[in-house]
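Chain nomenclature is as follows: A, B and C, assigned in order of appearance, with residue numbering initiated at 1 for each chain independently.
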Amino acid sequence: MELQPSVIFAIEIIGTIAFASSGAMVAVRKKLDLFGIIVLGVITAVGGGMLRDILIGNIPPNMFRNPVYVLAAFLTVLVLFMLFRFWPSLLGSRYMESYERIMNILDAIGLGAFTVIGIDTGVEAGYGNYHFLIIFLGVITGIGGGILRDIMAGETPYVLKKHIYACASIAGACLYAGLLEVSNSDSAMIVSALLVVAIRILASHFRWDLPTV
Amino acid sequence: MELQPSVIFAIEIIGTIAFASSGAMVAVRKKLDLFGIIVLGVITAVGGGMLRDILIGNIPPNMFRNPVYVLAAFLTVLVLFMLFRFWPSLLGSRYMESYERIMNILDAIGLGAFTVIGIDTGVEAGYGNYHFLIIFLGVITGIGGGILRDIMAGETPYVLKKHIYACASIAGACLYAGLLEVSNSDSAMIVSALLVVAIRILASHFRWDLPTV
Amino acid sequence: MELQPSVIFAIEIIGTIAFASSGAMVAVRKKLDLFGIIVLGVITAVGGGMLRDILIGNIPPNMFRNPVYVLAAFLTVLVLFMLFRFWPSLLGSRYMESYERIMNILDAIGLGAFTVIGIDTGVEAGYGNYHFLIIFLGVITGIGGGILRDIMAGETPYVLKKHIYACASIAGACLYAGLLEVSNSDSAMIVSALLVVAIRILASHFRWDLPTV
């Protein structure tokens, strides 16, 4: 099975939009102004990839060499801001519920896509044999933006509490890193990404939880 | 119009002192001890440049290759600490008001200087054609230290709330990046830095605000 | 006096275990779940070295090239989690007190070892003449993990309040950097590390404090 670059790009943009939206919503709840909303939205969308690139010396990080993702995140945040500003009743309306549900799915797709893309980036950088590293790169690409968002918003990172979010990324990353040992086909990428999406959606649907002390 | 290196250096030191002072004041309000005050003061002064250097692979960051700025920040914090320790009535005295007013102006000068210097650093590193990158480098050099200060102090970064602070840096950065396309004269640098200073001071004087949702 | 690599390694592992334990305890107090406990435990143990490696372009950071430390931290956290989960009365029991006392000593040993190792890493990277840099590298290797732990846990970094913790590392780092100018023997390393351990233990025993404003 072959993936068109255009397909991968489309999926990346979907994830970027979903992540930017989640960052913007946190900023709105924090009553931040337009600038704060833009910063949290953009950093949530591209922050994970930036951390990944810094860790493997991919300098300057891809978000700067290829600003289309920053632009997509910026426009997403701008549209959301306009909507909520000129149609405040939207927040809290029943539309929000469907919106959150759709975004939850797009967010899952983004998590899956960013996870496998993070691993590919590590492999292309020549670290294919550092299994722990490439798995970490996949996970940090998937969840790093959300961590930066929460740290900047002054909250305990969401993933530390809604762990399953990260576990989905970790599971897919481990699967992909393993499959890469036997085949480098796009199918390996797709299956791994789908595993992330599946765990992520099932977990939020069935409210899976990890044990606490 | 030509700028003597000594002039640029003097302006950098002014900014360093103002930034270090703002970091120290946050630490004092947080009731941190001498060490905490030094750390927040120094990180506010040199943290932005450190982030910039990491993003473009300027390793080790300039603050380590050229510790004079760290030293200036350190001495600033030490003097402030002595003053407040042996003359506590100073805090809350009417002198503080004039002090804050002066520091506010020096801080604006620092923001303008660091913004254009950040862009120059990016251009010298060979990224002159990455417009988004060099603008980002200018802004992160200007506001990155304050962001690190607030994250370490456990507060929502000031710039996310007092956004205009960042917008001044962004405006100057965009102007300078644009002017660099047509001329590389010092005048371009000066005009851009002055724009930052002007917006920053006018904004805090007229309490300009960005819209919120 | 000669140090076997195996001895250094053993001391590193001791420090890793103690640091991971301190991270896990913070996570337990924060009521984080298994994932959060693992993340805070591991980042406390290896985060300082990661920051050090990023600052000197040691890419990818040693924690990825040599994951044994991550593994040691992971296992430490896992054992602690099991203990507290299946023997909850342990928390708050009188055993905790002795446990904390032992961990406090191991933590001091780790701080001393990581501080001198951080300096050696900087010297091996060819920065022996950047005295401020290598001292900073030693200190960030020693206290950086705890800073990341506290930032992620949404608390004001411990070192900003329990400063003496950092001062012990700074004192040992300055001593080692100075001794390296005259001799590169292991004795210099050992004496400096012991100074850190001594200050750290005496400080927590006699509750030494730095002045506040």
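The definition used in the following text is that a residue touches a chain if its C-beta (ideal position, glycine included) is under 8 Å from a C-beta of that chain, and two chains touch if they have at least 3 such contacts.
Protein names from UniProt, one per chain: A, B, C = Glycine transporter domain-containing protein.
Since the model is a prediction, treat every value here as computed from it, not as a measurement.
Trainee: Identify the chains in contact with chain A as well as chain B, in label order.
Mentor: Shared contacts of chain A and chain B: C.
Trainee: Interface overlap for chain A and chain C, more than half of numbers shared or less than half: same or different?
Mentor: Counting which numbers both chains contribute, under half are shared, so the two copies meet through different residues.
Trainee: Expressed in ° and rounded to a multiple of 5, what is the rotation angle of the C-alpha superposition of chain B on chain C?
Mentor: 120
Trainee: Can you give the whole-Å distance between the Cα centres of chain A and chain C?
Mentor: Averaging C-alpha atoms per chain gives centres 31 Å apart.
Trainee: Counting only residues that touch at least 2 other chains, which ones in chain C make the list?
Mentor: Within chain C, the residues that touch at least two other chains are 54, 57, 151, 154.
Trainee: Within their complex, state which residues of chain C touch chain A.
Mentor: Residues 27-28, 30-37, 39-40, 54, 57, 59-61, 64-65, 67, 70, 81, 84-85, 88, 91, 151-154 of chain C touch chain A in their complex.
Trainee: Which of the residues in chain B end up touching chain A in this complex?
Mentor: Within the complex, chain B touches chain A at residues 54-57, 127, 130, 132-133, 136, 147, 151, 154-157, 159-161, 163, 166-167, 209-213.
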